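The first chain written gets the first letter, and so on, giving A, B, C and D; residue counts start at 1 in each chain.
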Amino acid sequence: MSTDTAPTDAEAACFEAGIKFGSLYHQFAGTPVSPDTAPSLAAAMADSIENQPHCREVTVDVRTDELEAALAESTADYTELTGRFLEVEIVVDYEGCEVVTRMEMEDGYPLMRLESVRSRE
Amino acid sequence: MSTDTAPTDAEAACFEAGIKFGSLYHQFAGTPVSPDTAPSLAAAMADSIENQPHCREVTVDVRTDELEAALAESTADYTELTGRFLEVEIVVDYEGCEVVTRMEMEDGYPLMRLESVRSRE
Amino acid sequence: MSTDTAPTDAEAACFEAGIKFGSLYHQFAGTPVSPDTAPSLAAAMADSIENQPHCREVTVDVRTDELEAALAESTADYTELTGRFLEVEIVVDYEGCEVVTRMEMEDGYPLMRLESVRSRE
Amino acid sequence: MSTDTAPTDAEAACFEAGIKFGSLYHQFAGTPVSPDTAPSLAAAMADSIENQPHCREVTVDVRTDELEAALAESTADYTELTGRFLEVEIVVDYEGCEVVTRMEMEDGYPLMRLESVRSRE
């Protein structure tokens, strides 16, 4: 049997959280980054995405250890931002439903996942 | 009282759908576009995002009527892609849960929303 | 008659300056921005693009007056970054040739242009 | 001694060519791509950038050999577009000056360079 119902607030909150993650990643992937410029880029990523509706908090860590490891293998002193260099947590609050989401590397891929969905009622 | 449970498949499906929307919008917003080049851009947007996990179908319509209206007011023959020129439908299938999402203009803003969440069990 | 010669250092410097401008614009156009978050975005834009080869200095001003004017006409409290909100100066130094370039609005369009090309010999 | 003169048409043409390259790269870097979707992405990249002023022709080749090699090493069936997968030629015509530019890999880096600058007078 199949059920087709109007989305719940929790589902809408998860949808909103996904939008923020896709936005953050595809807006900033490819940006030239080095250990020196990682902090200002991380700050701008967090501030910019926090503008989006229902977005309570964005925490971006550009992993300078990974950045330095990548640059040690190369002749360049900067590289392009990609998931390998990022740890991100995004908290969305939609109609009293709080969703915590996180991106980190798993098996060599940046994995975005739902951490928790919490309704206040 | 507050409840904090592991995300359901439906919630994870909605999160995945949001990721696709945020990705599509922020990857391609700002692309130079004209009525002549709208079809190839729309095709690439759909094809590219369909690569993402759990993404069953992406339909992108670049609204040439709006594009022509914008260009009629200007001296340029192209503009930058933004939500005003887009209608998008994305269907995600995650562990037997199908989510249909849509973006269209509402009150002058591109609004992304969940259309339906359907579990097959 | 047509002449086809190896590019001069001045021409290569101008090419490099153009790359920086195109990069800056298309990397960051579409970013969610508000008067509060404009400063961190401007800082990240400048820092990021200064990583690129031969780039001596990037100065980014996000025009909060224009941003506030745009938001006053709308119900949203943020918008997407576009040329209307930007004034940028980029200085490139390539093999002893300094090129100064600038982007600002002219007749409603963000115009990127060469200010000066200076050889030191 | 230092000379500071108004830019020549050839220098302006090189600046314009650089803008197109930076735009193309930073607009599309990060796009999800697979061997199946490479052709539509390449077509959209060329069509979109050809909209820009003074841009006569853009040729984009997404290197499916490199794409397949990258995917063979991974468990994913798509990856993110980056310079490793691209060969691009852009021809700009500015006030009778034709500039040919090219991007290809060199020592593991995507190098953008001026091929020729040709004045017709």
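What we mean here is this: contacts are C-beta pairs under 8 Å (C-beta built on N, C-alpha and C of every residue); 3 or more make two chains touch, one makes a residue touch a chain.
On a predicted model such as this, the values are computed, not experimentally measured, just so you know.
Trainee: Give me the fewest steps it takes to get from chain A to chain D if each step has to go to a chain it touches.
Mentor: 1
Trainee: Of the chain pairs C-D and B-D, which one is connected by the greater count of C-beta contacts?
Mentor: C-D
Trainee: Report the inter-centroid distance (CA atoms only) between chain B and chain D in whole Å.
Mentor: Centre-to-centre distance between chain B and chain D: 26 Å.
Trainee: Report, in whole Å, the distance between the mean C-alpha point of chain C and the mean C-alpha point of chain D.
Mentor: For chain C versus chain D, the centre distance works out to 18 Å.
Trainee: List, in ascending order, every residue of chain B touching at least 2 other chains.
Mentor: In chain B, residues 23, 25-27, 30 touch at least two other chains, as defined above.
Trainee: How is the touch graph of the chains shaped: line, ring, star, complete or other?
Mentor: Shape = complete; every chain linked to every other.
Trainee: What residues on chain B touch chain C, complex-wise?
Mentor: Contacts found on chain B: 25-26, 29-30, 74-76, 80, 82, 107-109.
Trainee: Within their complex, state which residues of chain D touch chain B.
Mentor: On the chain D side, the touching residues are 23, 27-28, 30-34, 36-37, 40-41, 43-45, 47-52, 77-78.
Trainee: Per the contact definition, I'd like the list of chain D residues that touch chain C in the complex.
Mentor: 1-5, 7-8, 10-12, 14-27, 99, 101, 112-114, 116-121
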